Structure formats: structure tokens, C-alpha cells
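What follows is subunit A paired twice: with subunit B in the first complex and subunit C in the second.
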Partner chain A sequence: MSLKNMENQLIAEVKELLESGKVRGFVGFGRGYGMAESVPVFITDALDAEKLVLDPFCGMTIAKYVLERTPQAVGQTRRPLGILAKGCDGLALARLMRDRRLQPDDVYVVGFNCRGMVDAKKVRARLGLKVSGARLEGDQVHFETAEGPVTLSKDECLLDKCLACENPLPEDCQVLLGDDQDTGPVGHRDYAGVANLEALSPDERYRFWTRQFERCLRCFACRNVCSACNCITCSLEDREVEWLGKDTQLSEQFMFHFTRAYHVAGRCVGCGECERVCPVEIPLMLLNEKLMRDIRDLFGVCDPHVPRETEPLGEFNPEDPEGWREEDERA
Partner chain B sequence: MSHDWQPRIVAFACRWCTYAGADLAGTRRMDYPASIRLIRVPCSGRVNPSFVVRAFQRGADGVLVAGCHPGDCHYIEGNLFTRRRYSLVKRLLEYLGMEPERFRVEWISAAEGARFAQVVKEMTEDISQLGPNAKMREQL
Partner chain C sequence: MRRIGVFVCSCGLNIAGRVDVQKVTDAAAGIPGVVHSENYKYMCSEPGQNLIADAIRQKRLDGLVVAACSPAMHELTFRSAAKLAGLNPYMVQMANIREHCSWVHRDEEQATAKATDIVRAAVEKVRRDQPLEPTRIPLTKKALVIGGGIAGMQSALDIADAGYDVVLVEKDATIGGRMAQLSETFPTLDCASCILTPKMAEVARHPRIQLAMCSRVTQVAGYVGNFTVQITQAPTYVDWEKCIGCMDCQERCPSRLPSEFDRGLGKRKAIGVDFPQAVPNRPVIKADHCLYLQKGRCGICEKICPVEAVDFQQQEKVWEEEVGAIIVATGFDVLGAEAFAEYGYGQYPDVIDSLAYERLNSSSGPTEGVIRRPSDGEIPKEVVFIQCAGSRDPDKGKAYCSKICCMYTAKHATLYRHKVPDGQAYIFYMDIRAGGKGYEEFVQRAVEQDGALYLRGRVSRVYEEDGKIVVKGVDTLAGENIEIAADLVVLASAVTPRTGARELAQVLKVPADQDGFYNEAHPKLRPVETVTAGVYLAGAVAGPRDIPEAVANASGAAAKVAVLFSNDELENEPLIAAVDESKCSGCLWCVPVCPFDAIEEKELIERVGSKEVTRPVATVNAGLCQGCGACSVACRDGAMNLKGFTNEQILAEVEALCLMTGSPE
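Right after this comes the complex of A and B.
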């Protein structure tokens, strides 16, 4: 089923949910300021359901917004908040539930089988044109531009997270839009970026990360957007955690990024939001993927991005390898 | 690099095994370089990975995390968490550009005074070759 048809289904569904009072609000996407831009919207009135949009530009993982609006947080009755969920939103919601930040009945999940979302930055770089719309079809994306239609392959224009996505369908949703039979993976996480970096010498790697971290503004956007970074008191801001400096000199930037990456090790769902929101474009997923891949290889966790009851670092196996010895190097 | 530079190695030593092992090396009058600075911790599982980065920031040329052998932990399973944790941390530090020789994890029991002296000797030699550490180092 096309996204357009699902959009109509979504609007009807949300209208019904809000009219019947089954949900106290709904988080989805609405029209953004530009033509090909969809931004998150909160809807509480059934009349506003028309504002919802479901197009190939709904790439943001919006699950964490729910956290600010749990009944406990806003002091309301325990009626759930509705949310539109792609596969990555599903994983992020599962993360919040495993971390006990969210109860299953806090949310009413309207899911759909996501076949990938367009990366506006990639399209701008490739076409250099104003895009006014897009349509997914098989392995291709058809764009409407000021100079007529243009077709790109999915590999050229989808978000990186979509090209690495193996879970396009959210689990545990109350409603599933569309009737797609093909729910197979959209892409595959091949850890190519990590392998490229590992092929360099230590000094080259240090120079690479120095170039990246030097730009960091410590805006904490990567933490704020992250569904795994959901602690109520964050050690990065806790003044009693004296070994975490708050300065912006290079050594503290290393400390910050090391700590951020390590704190989400085994908990990152791979939604790539940290990288997307970074105002200075630090490739944070290279850190997250490194940990993900090592967790897979060292501890035999096949899908390190899928939240489960115990985390890889919250458990152990008596037979675990000693990952610091070279001979254990991915045998 | 001045000619009298000596590596500074910070070691986080578990109080039940490695710290006692270091004690044994001392009472047996074993020879090992004075480059090591021991910090006693209740368990190798107590060592927050940020401590390691902090040590490098504040001037360590090498860091050692050492505890009981797996299965010997005073707290039964503390070092099994350590093993998982530092398998990742070691690789992450190298991924960020740290030389592999500068960070080591070792199991040293209370009976292994000789092993402790050996590890300190090895690390001191390796790091002397590399020279002082400037990576992740705080600028004052």
C-alpha cells in the first residue's frame, strides 16, 4: 500500500481515536516549513487529524517525545498517548519500556511497515534542486522537482539508518496501517564505516576523531534526542560526578564522546538520531556502530540494537572471551 | 622528551587479589620499575571506564586495570562484568586512537607477585618506547 493511502487511513484512525477519547493526544508528522519536509506534530483535537502527513520525509524517530508526555509527567489520567511508529520508533519505544521509563499502556501505537525514508540532505546534494514531493516504488524514489520528475535509487537517497534497517515493522502495535506483505529488511548494517576507520593507524584515527570532536559545541542534542539516553539525572550534568569535566577543550570532548558512546553501548537502537541532530555533523554512529559490532562479535548478541530484558553489559557469560587480547580478534 | 622522562602508569588494583599481589612483590623484594601508581579499588568491577580516560587526561602514560582471575572474585561475579566491560573499552580506546600498549587489563592473584612485577616491567618497557602520552591529555 502506498504511503498516500496509508496517510488517509492514518487520518481516519486518529480522528476516530481522538473522538472516542481512547487516546489523549497523538504524536505524528505534519507539514513542515519547506515543501519536502515533515516535522513532528502533537494533536489533541480530532479536527486537527487532517494535519497529519505520511510521506517519504518522515524520517525522524519521534518515540522519545512520548517521554515528556507520559501521564506521570503531565499529571493527567492514565489515558494513552497515540504515536505513529516506524520500525525504529518501535525499537525506541521498546528501549524506553525495558528501561522502565514507559509502561506499555502509556502509549497507543499506530504502526506501519516503513520501506525507508528520504534523506533531504542527500537529495539536495545530489539534485541541487528544490524537491516538492517524493514517492517510493520498489528500489526507486521518484521526486517531483521544479524541473520535472527525477528518479533516484534508494541507495542514493535514503537515510543511512534506513539503508542499515533490518526492522522496518514496529512490534507490539495496537493498529497496523496498510496491508503490505513484504515486511523484510529494507537494508543491512554492514559496519563498513567502522572497518574503514579500523584499517587506519592509531595516530590517523586519533587525528580523525580530533577533527570531529574539535567542532563539538557540547549542546547535548545527541543525548537529548537519544531514546537510550533517558536517565532522569544524567551524569554529564551531575556536578558530583567530578571525573566528567564540563569544559570544551579537546581532552574533555574525548571524555564526553567516550562516555556518551559507552553509556549507550548495548542499548543503542541504531536510529541515527544523534547524528542527524548534531549541528556540527559529528559522525556519532561510527562510535555506536563500533560498540554494536564488538558486542555482536565478542558476546554473540546477534541483534545488538534490539532491546531485550537484560542488556549485554548487564549480564555475562562465564565463557566470555577476553576482548583485549589480540588472538581473540574476531576468530 | 627530556632524557630523564619515566613513564607514569596508573593501575587500578582490586584490593583482594592484585593489590595483595603487589604487596607480595614488595615483601619478596622483587625488582620492578617505580613507574606504577597503584589505586586500590574494592573490585575491578568498581573501575568506571571514565576513570581510565580521566587518568589519561591528567597525565598518565599508561593505565592498567587488574583484578582477580575469573571465578576467583571476592564478590563472586564482579570481574565477569569487568571482563565484558573492558573488552569493549579497550577496543573503543584504540578506535579513538590510543595505542594498544597504553591500556592493559590483567588478572593477577594475591599469589602472583612475580606476575605483577612482570606486567609492570612489560608495560614500562612498551611505554618507554612510545614516549610520553599526549592523546586525550588535558591542556593547562
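Right after this comes the complex of A and C.
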């Protein structure tokens, strides 16, 4: 089913949900300032359901928005909040639930089988044109531009996270839009960036990360947008224990980024939001992917980005062979 | 502002030989908050401790840094000294300038600088220390002993004699364990039964010992002083309350099976006891071989039992016991046939292991003590003993020495010569390890008086030819290959932990080493304790042990239990984890990382605006927490802190180290 058809279905569904009072609000996407831009919207009035949009520009992972509106946070009755969920939103919701920041009945999930979302930056760079609309078809994306239609392959214009996406369909939805045919992976995470980085010498790698972290403004956007960074009080803002100094000298920058990466190690769902929101374009997913790949290889977890009840880095296991250490000793 | 005292120990020359202790003492005096610093030759000695006590009183110290050895060595010593002088013992911090510094560095200048840094970090920690008070918990003065071998029996008897109740859990139908299988014992050659069976009877008779036979410990909850143990008893199909032990059933039972007790060399009945001296002397039915339980016919035992004790309907029984301490004495197994393809074990009937050889020697064994080889019952004239079968052999996964084999093989060769005077015993060995009272003399006697021929070398192959077992090996001392056509080959198979020991270790939350032997809390100073408070070790569960060692161990563990039970309440170590509920996000990642199941979920009620809302947070069970700190590491928001090792303290220490005054450029 096309996104356009699903959009109609979505609007009807949300209207019904709000009218019947099944949900106390709905988080989805609405029209942004430009045509090729969809932004998150909160809807509480059934009449506003018409504002909802479902097009190839709904790439943001919006699951974390529900945290601001949980009954715990706002002290309301336990009526769920509705949310539109792609595969990555589904993983992010699972992460929040695994971390017990969300109860399953806090949310009413309207899911759909996502076939990838367009990266506006890539399109701008490639076409240099104002895009007014887009349509997915098989391996291609057809754009409407001021100079007529242009077609790009998905490889050229989808978000990186979509090109690495193996879970396009969210699990545990209350409603699934469209028909769920062709639910196979959209892409594949090949960890190519990690391999490139590992090919560098330690000195070169250090210089690489120094160049990246030097730019950091410490705006905390990467933390705020991350569904795995969901603590009520962030340790980096602890007033009693100064884990992180306020100044931006390099050692503090490293401290911040390593702490962030290690706090999401084994917990990152791979949605790529941290990297998307970074105003100075630090390739944060490289760090996340490095940890993901190591967890996959060292602990034999084939899908390290999928939240699970016992996590490889979060379990006491007396049988833990600590094979890596023995290997180190032999080497 | 704290008034901190720094006490730098020379430890004879252990520290002073590499570190300029006076320099360290002077540097410490310059750290803000340090009002006293001094050096002494042996700070742990009585004069040293007195120095500390005097300084606490005279300078009104409220924090101490003792720059000396590892806290594992003397932290308790100095805490006690501080307590005696009126200071809270948790205001003492060890700065390890011995193991971490003087012992591992060559350059005096750099070692001195590093020692200064270590002291500086410790001062920063003490500055943030808070006085801690132990909590008190009641305890159940009843012990559980797991395993009814010589070690378990000894522990049970000692604890019971001290006046406390004991539950002795044994997986088999009789107590006695491995020792009951032995014929004679080294180095005195007194018969195992003669010294064991009276003890077995004593255990059974003791009013304070309750036996749980055919039973296993399947669950353990709680903590030192307050364990709840689940015991699962397999059905015996005989009501032991009614049974009078006449053994008519065993007499008449038509079903025979190889006796596990006799290592498969003899037969037993489907109903009966393992051996005539079994305690309790009550029969069990081996369900797999009982014609009635398998096929529904026979039932002779039920018909002839004079007291109607046979009960084919009997079910597994599960119950719980409340105990205050647990002694694990599960003993050992020996490496099985699968490990010895090259020795033909399991393939040729005349290649046996040493436990089987013990049964051949035993007057109550399948051959009534006459050495006969299993294949044809002939008396073997040439016997080859192979030591280190699996032991000291990393290829078999056993790098360790099984310790008892040198001695029992010498015993086997001696007994063989006594019983077959014209026979010849050959022993392939790697080294002879005979450390123990009278042990070396015993081995010498085997060689000099009883003609055991020791060949230093390993066996490469064992195969059958013309009714003989041909053993090919090398004598490395003579430098020649050797081939012996033997009648019987005996393998001194590696000692391993009991099957199921690993699973039990998990139930008890006691760490085991790579070989599955349980870890002592400290290999030298706390050899019968484990890191789990209230769980103790006796005998071969912690590594290969001979009988005197196992018995000494068992009495040691029992003494520990008696000391524990001499208290009416237990003081709980206050160095445990604590949750700051305001910071806790309730993700409960701390729960699965806790090795002691000490963390639970709790509903916290909070006010948000005008409404009350609940949210989950973590909470620590003070009785279970052992203060390992795994939770505080797993806690991302810093809500979990280990008292005495708070995040704030550790960061302060790191910060102090980062200043690194003495670091080489």
C-alpha cells in the first residue's frame, strides 16, 4: 500500500481514537515549513487529525516524545498516548519499556511497514533543487522538483539508518496500517564505517576523533533526542558528583562523548537521531556502531540493536568465559 | 574540615627498600587537611597500632590513611585499632604502597613519587568518608551440610557436638562418600571401613543431626544467618520409617544391574543397599531396573516385606529448611572414560581406574579383596599403573595436579605385592609428590620393600594383544622405549569436582574456578570460607584433597560455623550499596548484574503537581548485598552508590591521581 493511502487510513484511525477517548493524544508527523520536511506534531483534538502527514520525509524517530507525556511525568490517569511508529520507533519504544520508563499500556501504537525515509540533506546535495514531494516505488524514489520529476535510487537518497534497517515493521502494534506484505529488511548494517576507522593506526584514529570532538558545543542535543538516554536525572548534570566539567577543553569533550557512548552501549537501537540532530555533524553513529559490532562479535548477539530482557552487558553470568581476555594473554 | 592522620609504614624493607618513606611522610604533611603524618617500621605491630591510637586521641583525628600493604592484608587490623581508639572504623583508608608500588617498581625516585600520589588519592577519599554503622540481623542457629562423605560427616559431627542442629543432605542412599569405596588408606594402611563406619554410625545416631538421604539442594534464598534452602528428595520406593532393614527384599529381587558403587565390577539388585555397612541401612529401588516400575510385573519385594514398607507410589518430596550457615562438601569424581582413548579405558575391560582397583582390594568388594582382573577373573601377574592420567595435562583440560594419586598409587603397588607376592607392579610417573607426614617414607617402602618399579615417563599407547594389555611408553631416565605386556592396567585418573558441582555453585552463588572447583575467599588466610558470607567449603569441593586434609578442612569449616552461631545477632557489613531514589530512573539494570540477587524493585510514591504518582525504583536488601559494586557500575544515572566507595569519592581519588606530581615526563 502506498504511503498516501496509509496516510488516509492514519487520519481516519486517529480521528476515531480521539473521538472515542481511547487515547488522550497522538504523536505523529505534520507538515513542516518546507514541502520536503515533516515535523512531529502532538494532536489532542479529533478535528486536528487532518493535519497528520505520512510521506517519505517522516524520518525522525519520535518515540521519545511520549516520555514527556507519560502518566508518571504528568500525573494523569492511565489513558494511553497514541503514536505513529516506524520500525525504528518500535525499537525505541521497546528500549523505553525495557528500561521501565514506559509501561506497555502507556502507549497505543499505530504502526506501519516502513520502506525507508528520504534524507533531505542527501537530496539537496545531489539535486541542488527544491523538492516539493516524493514517492517511493520499489528501489527508487520519484521526486517532484521545480524542474520536473527526478528519480533517484534508494541507495542514493535514503537516510543512513534506513539503508542499515533490518527491522522496518514495529512489533507489538495495536493497529497496523496498510497490508504487511514485503516486510523484509530495507537495508543491512554492514559496519563499513567501523571497518574503515579500525584500519587506521591508533594515532590516526586519535587525530580523527580529536577533530570531531573539538567541534562539540556540548548542546546535549544528542542526549536529549536519544531513546536510550532516558534517565530521569542525567549523571552528566549531577550537581553532587561532577562527572563532567563545564569547560570545553578536549579531555572533557572526550569524557562527555565516551560517557555517552558507553551509557548507550548495548542499548542503542541504531535510530541515528544523535547524529541527525548534531549541529556540528559529529559522526556519533560510528561510535555507537563500533560498540554494537563489538557486542555482536564478542557476545554472539546477532542483532545487538534490538532490546531484550537480559542484555549482554547487563547480566551477571558466572559462565562468562571472558574469552577475549584469554586471547589477549595469548597474543 | 577533617583532621586527617597519615601513617606511612616501612614494612621492614618491603616498602622502605624501594620507597623513600620519609619523603612520602613529609609530602603527606603538606596535603590540606592532614594534621599528622608519621612513619614507622611496622605499623601493624602493637607499637605501630599504639602510635595510631595515641595520635587519634592527641590530635583529635577523624580520618586515617594508612599507607602500607593491600587492604586485603591489614585493613581489618587498622580498622580495629581505630575503633579501639574511639574512631569509626570506616574512617580508615589503606593506601597500598607495597603490592601496588614498592614490590613492582625498581626506580626509587619514581616509586616514591607514585607512593605519594597513592597517599594523596587516599586522603581525598578519606576527606569524603562518612562514619558507617553496621546493622544487626537475627540468625538461625542451624547448619546445612551438603554431602555426606568424610568431610561432610566430620563437619556435621563437629557442629552438632558444639550444640547446634545440622541438616546433612546426601544425594546417595548412604553416607560415607568416596571413602566408603576405599580399601586401605595411605600412609598407615589402616582399613578405610574400620575408621569410617564407626563415624557413619555416630552421624546416624547423633540427636542433633538430621539426615536427608537421596536428596539434593535445589534452591537457596536468603543470606548469612537466614538462608531458606529447598531440598528435593528422590523417591526411594521404600518407607524407611516402616523398614526394619532385614534386606529380605534384596535377597529375593530377581533384577540385577552393574553396581555403581563397585565401579561396574560387581552386580547389585534393583532393590537393596550399595554395600552391607550402608548407613542408614535401608534399601532403595533403582527405578530404571525395577521390573515392577518398568513393566508392571514382579513386585516380589512388596509381597514379602514383613512390614509392608515397599511403596511403589512414592513421589519426589520437596521441602524447605531454614538454616544460618551452609557447608559444601560435595567431594570429587574422577575423569571418565571419554578422556582416555589412548589408554583403551572403556574399551578393554582390564584397563580400569583407581577407584575400581580400590573395589578389587576391598574385602567387601566384588572379589572379596582378591586381586582378579575383570575380563576372566585371573590373578594378574604384571600390573601397570599410569599416574597423571588426565592430570597435569592441559590437553585434557586439567592443568592441575590431582595431588592424591602419587600416594594411592604407591599404596596400590604395595597392596598388590602383599596380595600377589610373585607379581610385578610398574608405575609410570611424571614426578612423585609425597609431601605429607610419613608420605615420602611410604613411597620409599613401596620401592624398596615391595618392589614397585617406577618408570619416569609417559605412556603413549595401550592395546590388546594375545590376551595381554600391551603398554607402550618411554623411560626418560634410561632414555629408552618400553613395552610391557600387562595383565591389568590401572589409571590414576584426574580428580574432578562432582558432577553437578557447577550447577550447585550457581544455586549457592559461590564462584568456581575454570576446573569447577569452588573458590576460597582467600586461598591462604580464608581457605574454608567463600566470598558468599555464611557458605563454607570442606574437602575436595575446593580442589583435590586427601583424607587428613579433608577432615582438617571440615573441622575448620565447622569451627567457622560455631563461631558464627556463637552470636545472637549478626553485624552486617555497612559497606553495601544504597540507592538515591530521587536519581533512580527505575530501569533496574542493576537487578540482573547483581550476583547475589540483592536488588529488588520498589514502588516509590511521589507527588507531581497535586497528584500522587508511583514509579518503580531499585532497593537494596542489606542482608544479601556483599558490597561488590557491580550495580553502581551498571547504574548510568549515578543513583546507586557503594557506601565507603561512592562515585564522589572515586572521582576525587582519580582527580588527585591526575595531578600526578611525581609522574615521569
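Throughout what follows, the second predicted complex is superposed on the first by the 313 of 331 C-alpha atoms of A that agree within 3 Å, B and C clash if a C-alpha of one lies under 4 Å from a C-alpha of the other, contacts with A are read in each partner's own complex, and residues count from 1 in each chain.
The criterion applied here is as follows: a contact is a pair of C-beta atoms (placed from the backbone, for glycine too) under 8 Å apart; a residue touches a chain by one contact, two chains touch by 3 or more.
A quick note: this is a predicted structure, and the numbers were derived from the prediction, not measured.
In the superposed pair of complexes, A:Arg100 makes contact with subunit C only, with no contact to subunit B. When the two complexes are overlaid, the chain among subunit B and subunit C that reaches more residues of subunit A is B. Contacts of A:Ile232 after superposition on the shared chain: subunit C is touched, whereas subunit B is not. In the superposed pair of complexes, A:Asp139 makes contact with neither subunit B nor subunit C.
Once the two complexes are laid over each other on the shared chain, residue contacts for A:Leu197 go to subunit B alone; subunit C is not touched. Applying the stated contact rule after C-alpha superposition, one finds that A:Phe316 touches each of subunit B and subunit C. In the superposition on chain A, A:Leu244 makes contact with subunit B only, while subunit C stays out of contact range. In the superposition on chain A, A:Lys290 contacts subunit B only, with no contact to subunit C. When the two complexes are superposed on chain A, the residues of subunit A that touch both subunit B and subunit C are 243, 316, 318. Contacts from subunit A toward subunit B in the complex involve residues 194, 197-198, 202-210, 243-245, 249-252, 254-255, 257-259, 261-262, 265, 287, 290-291, 294-295, 298-299, 312-313, 316, 318, 320-324, 326. Within the complex, the subunit C residues that touch subunit A are 505-506, 511-512, 582-589, 592-595, 608-616, 630, 634, 636-639, 646-648, 651. Listed in rising order, the residues of subunit A touching subunit C in the complex are 71-76, 98-101, 230-235, 238, 240-243, 263, 310-311, 314-316, 318. Subunit B contributes residues 48-51, 53-54, 57, 70-71, 77, 80-81, 83-100, 103-105, 135-139 to its touches with subunit A in the complex.
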